[in-house]
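Just so it is clear, A, B, C and D label the chains in written order, and each chain counts residues from 1 on its own.
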C-alpha cells in the first residue's frame, strides 16, 4: 500500500463541511481510501477521519496543512494531520507484570503495531534482558513514595530525549502525577483491569470477586488527572463463574487486559481516535 | 425424561460430605443424572446440586426429605429439595415496557420455561389483552407515591392467593419496599439495565452514554432491600460505539435485558442457583 | 428526527466520487446526518451510504433522483434512493416455531422495526390468533410436496397484493423454489441455524452435536437459489459444552436465531445493506 | 495449595458409580476439592473428574492406583490418574509465525501454564534466540516434501529423548503424518484458524473472506489422521466486517488463535479433558 495522509477533523456541526473536505481532496486529484464521519447531535459536534493516498496527490505532503487551512478556518476545525509512513514514536512504561509488555513487544516486532518503539521504562529491572534481546532501549527507574516526583522527572527526560508521541502504561503500577499527565495530554494510554466505571481504584479483581459478578472486564483509556476517569478507548468483558477465586479472575483478566490494551494502542497509532470531553470517537479499523 | 429429584445443599466444608450424599442415593438404587459441587475455600462453604431419577428410587418422594435428614444433620446442611414435575408457581410484575414480559410469556408458552405461570401484575393496563389472549390472569394495580404501600399490599394478596414461589420483575419500574422483599427472600428476580455495579440507580443508559463506555450490559439479580446490591445471577454485555445515542443504547440494551433475565429465571426454575451472602453459585445448565 | 433521504451507491472505484456526491448535497443546502464509504480494493468497487435531512434540502424528494442522475451516470453508479418516512412493506413467512415470528411481531409493535408489516403467511394455522390479536393479516397456506409450486403461486399472489418490498423467513421450514427467489432478488431474508458455511443443509444442531463443537451459531442471509449460499448479513455464536444435547443446543440456538434475524432485518430496513456478488457491505447502525 | 490427585474416569453409565468413587475417597479420609460428572445419555457413557488433596489422604500416592483398581474393574472404568505436583512434560512445534509460540512461552514463564516445558522444535531457525534467552532447548529441524518422513523421525527422537507427554502445534505449518500422530494419541494439540468445521484445509482466512462471513474463528483440537477432524477442545469467534480484507482477517485471527490454543493447552494440562469418539468432555476450570 502506498503511503497515505490521514486528516482527523472536528468542528461545530454545520452544512457543507463534508463537501468542503471532499472537494479539497478531489481538486488535488486525491484518492480517498477511507472516510468516515460522525455527528454528535446533542453536543452539535462534527467529527471526520479522511485518509487519502499521497501518491498522485496534487500537493506535496508539506503543503497539505497550509493548503487545507482555509477550509479549517472557515469551519472552525481542529485539524490533526498524519502520514502513514511516519509512524508514531512510542514509549512503554512497565512494572513487574510482563503480559501486556511482552504482548506489545511481540506485536511491534512482528509488524502488527505501526510504530517506532523508542524505549521501555520500568520501575523494576526484570525486563531488561528481553528488551536487550529485542534491541529496545531499556531504562530502569526505580521509584518510592519519597522519590516519585524525582523519578517522574527522569522519566520525562527519557521520554523527551526520544521525542515520544505516545506513552503506553503496560500495567505500570504507579499513578502518574500531573506533571506527566499534563506533558502528554491524550497521549498516555492506560489499561485498567475492570469494566470501568465499575471497580475504580485498587484491587479491582478483589472487588469483582467480593461483589460476585458473572463477568470481568478491562478498559483502556487515556490517563487524566482524575484516576480511572479518562476517555475510554476500548473495553471488553469475559464470563466468569462462582468457581473463580481472586487468583483465577486475575489470570483470566490478563488476557482481557492484553487484548484491550493492544486494540486501543493500535486504534491510536492508526489515527482512528478523536477525544472530546471525556469521551472518544473511535473510527472503525 | 422421567421426573427427577433435585437436592440443593450447602454446609461448612468438611470431609466425607460428597460421599455421604452419593452413598445415600446409591443405597436407594438412585440413578444420578447430574451432580456438581463447589467449595468456597475462603468462606469454607461447600455447595452441591444432585439430581437423580425418581423412577426406581427406593424411597417415595415424600420419604426423601426425612430419609436424608440424618445426613443433613450430621453435616449441618441447608437442604432444598425439589421435584422436576412440580414446577414453581410464578408471578410476573410488569410496567409499560413489553420486551421482557412478552419474551417470558413466549418462552413459557413454548415450554421453554418449566414453570406454572399464575399471574401477571402490572401498574399499567397495557398488557391486559395479550395476557387474556394467552390465558394468563392479569391484575392491573396502578400505583402512585401516595398509594404505594397500599398497592403493594394488594400485590402481596394476589401473589399469596396464587401461592407464588417466584416473582419476576419483568422491567417493573417501581422499587419494591421491604414488606414485599421480606415476603419473598431470594425469590424475587430483577433485571437492571447495566453491568452492575456500574451505573446503579436511575437512567443507567444515560449514565453509560455520559461516561462514553464501549460496552453496555444487563444484570439479573435477586431483589434485596439495598437497591441494585442483591446477589447477581447472570450478566451479559454487548459492544457499542460513539454512534450510539441514549435511544440506541436503550434499544440495544433491550436484547441484553431480555436474554439475561430469561437466563436467570431459567436457572432459578431449574434449581441451579444457591445464594450465600451477597453472591450466588449458579450450577451449569 | 426529521425525515431523511438515504442514498445507497456503488460503482467502480475512481477519484472524485466522494466529492461529487458531497458537493451535490452541499449545493442543495443538505445536512448530512450519516455518511460512510467502503472500497473493496480487490474488486475495485466503491460503496457509499449517505443520509441527509429532507427538511431544508433544495430539491423536493421527487426531484432528487433526477437531480442526482448526472453524477450517477458520470461514475456508472448503481443508485438506491429511500426515504426514512416511507417504511418498507414487509411480509413474514412462518411455520410452526414461534420464536422468530413473535420476536419480530413484538419489535414491530413496539416501534423498533421501522416497517409497514403487511401480512404473515404460514403453512401451519397456529399463529392465526396472535396475528388477529395484533391486527396483522394472516394467511394460512398449507403445503405438501405435491402442492408446493401451487402454494408458492398463492404466496406470490398474497405478497404481490400487499406490494411487499421485503420477505422475511421467520423460521419458515420450506425451501423456496426459483419462482419465489427470482421474484424478490436480495429481498428475502432467511435465518439458518448454524454458523454458515458450517453445517449447511438439514438438522444443523444435530450436525453440530455430532461434531462436538464448542460454539453454536446462527446466520441471517439473503435467500438465493443455492441453498445456504446467499450473501450473509449477520452472524453470531454462543458457547456450548459437552453437557448440551441436541435438544438443549436447539433451545440455546433459538436466542441466537431470534437476535441475528432481527439484527439483519433491521439493517435491511434501515438501508444499510449493499449486496455485491455473494457478499454484503453492512454499514454501521 | 497443597498437591492434589486427579482421577479422570469414564465407563458405561450405571448406578452407584458416583457413590463408589466418593466412598473410596471418603474411606481414606480424602478431601475432595473438585468433582464434576457428565453422562452422555445417547451413548450411555459416564465421565467424571475428581480432584482431592494428597495431604492427609490415607493412601500413599503410589498406592492410589492399585487401591482404586477394584472399583475400576467393577464398573469397567478407564482410569487416568495424575498428580498436580508432577506437571506434564511439553514439547512445542513451531514454524515462522511467532504469536502462539511467544504467548505459550510467556504463559509458561509467568507460571500460568502448569507444565515442564522441555523443548521447542521448529522447521525455521527464527526462534532460536528467544528460546536461548528463556532457557528452553531449541531444535531446528528443517523440512521439505522430500525429507518429511526423515524429519519427523528426528522430531520423534527429540520428543522421546525429552519424554514428552504433550505436543503442542503452535502454528506449526506442516501436516504431521501417521507415524507422529500414532505415537501421541490425543496428546497432540493443534490450532486451526477457523471455526471448524467451516473452512477446513488450507487458507481458511481467504476462504472466510471469499464467503463474506461476519465472524471469524479459531479451533483447538487434538490432531488425528483425518486432518481438521480431531476432537475439538476449544473454539472462539470474533466479529469482522466488510472492511476486513484477508490481511486484516489474518491479523485479527491471531488473537483468537493465541487465546484458544492457550485455553486448550491449559485445560489439557489441568487434566480437564476426556476424549471419547471424536468429541471431548472439557470439565470447567
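As a convention for this text, a contact is a pair of C-beta atoms (placed from the backbone, for glycine too) under 8 Å apart; a residue touches a chain by one contact, two chains touch by 3 or more.
What you are looking at is a predicted structure, and each value in this text was computed from that prediction instead of being measured.
**Student:** Between subunit B and subunit C, which partner chains are common?
**Tutor:** Where subunit B and subunit C share a partner, that partner set is A, D.
**Student:** Could the interface between the copies subunit C and subunit D be described as same, meaning over half of its residue numbers are common to both, or is it different?
**Tutor:** Same, since over half the interface numbering is common to both chains.
**Student:** Which chain maximises the distance between its CA centroid and that of subunit B?
**Tutor:** Between subunit B and the rest, the longest centre separation is with A.
**Student:** Measuring centre to centre with CA averages, how many angstrom lie between subunit A and subunit D?
**Tutor:** Distance between chain centres, rounded to whole Å: 36 Å.
**Student:** What whole-Å value do you get for the distance between subunit C and subunit D if each is reduced to the mean of its CA atoms?
**Tutor:** 41
**Student:** Hey, what residues on subunit A touch two or more of the other chains?
**Tutor:** Those would be 41, 241, 243, 284.
**Student:** Okay, in this complex, where on subunit A does subunit C touch?
**Tutor:** Per the stated touch rule, the residues are 15-16, 18-23, 25-27, 29-37, 39, 41, 239, 284.
**Student:** Under the stated contact criterion, what part of subunit D meets subunit C in this complex?
**Tutor:** That would be residues 38, 40-42, 195-199, 211-215, 217, 231-237, 241-243, 245, 278-282 of subunit D.
**Student:** Any idea which subunit C residues touch subunit B in the complex?
**Tutor:** Going by the criterion above, the answer is residues 98-99, 102-103, 106, 109-110, 112, 129-130, 133, 241, 243, 248, 251, 254-255, 259, 262, 284-285.
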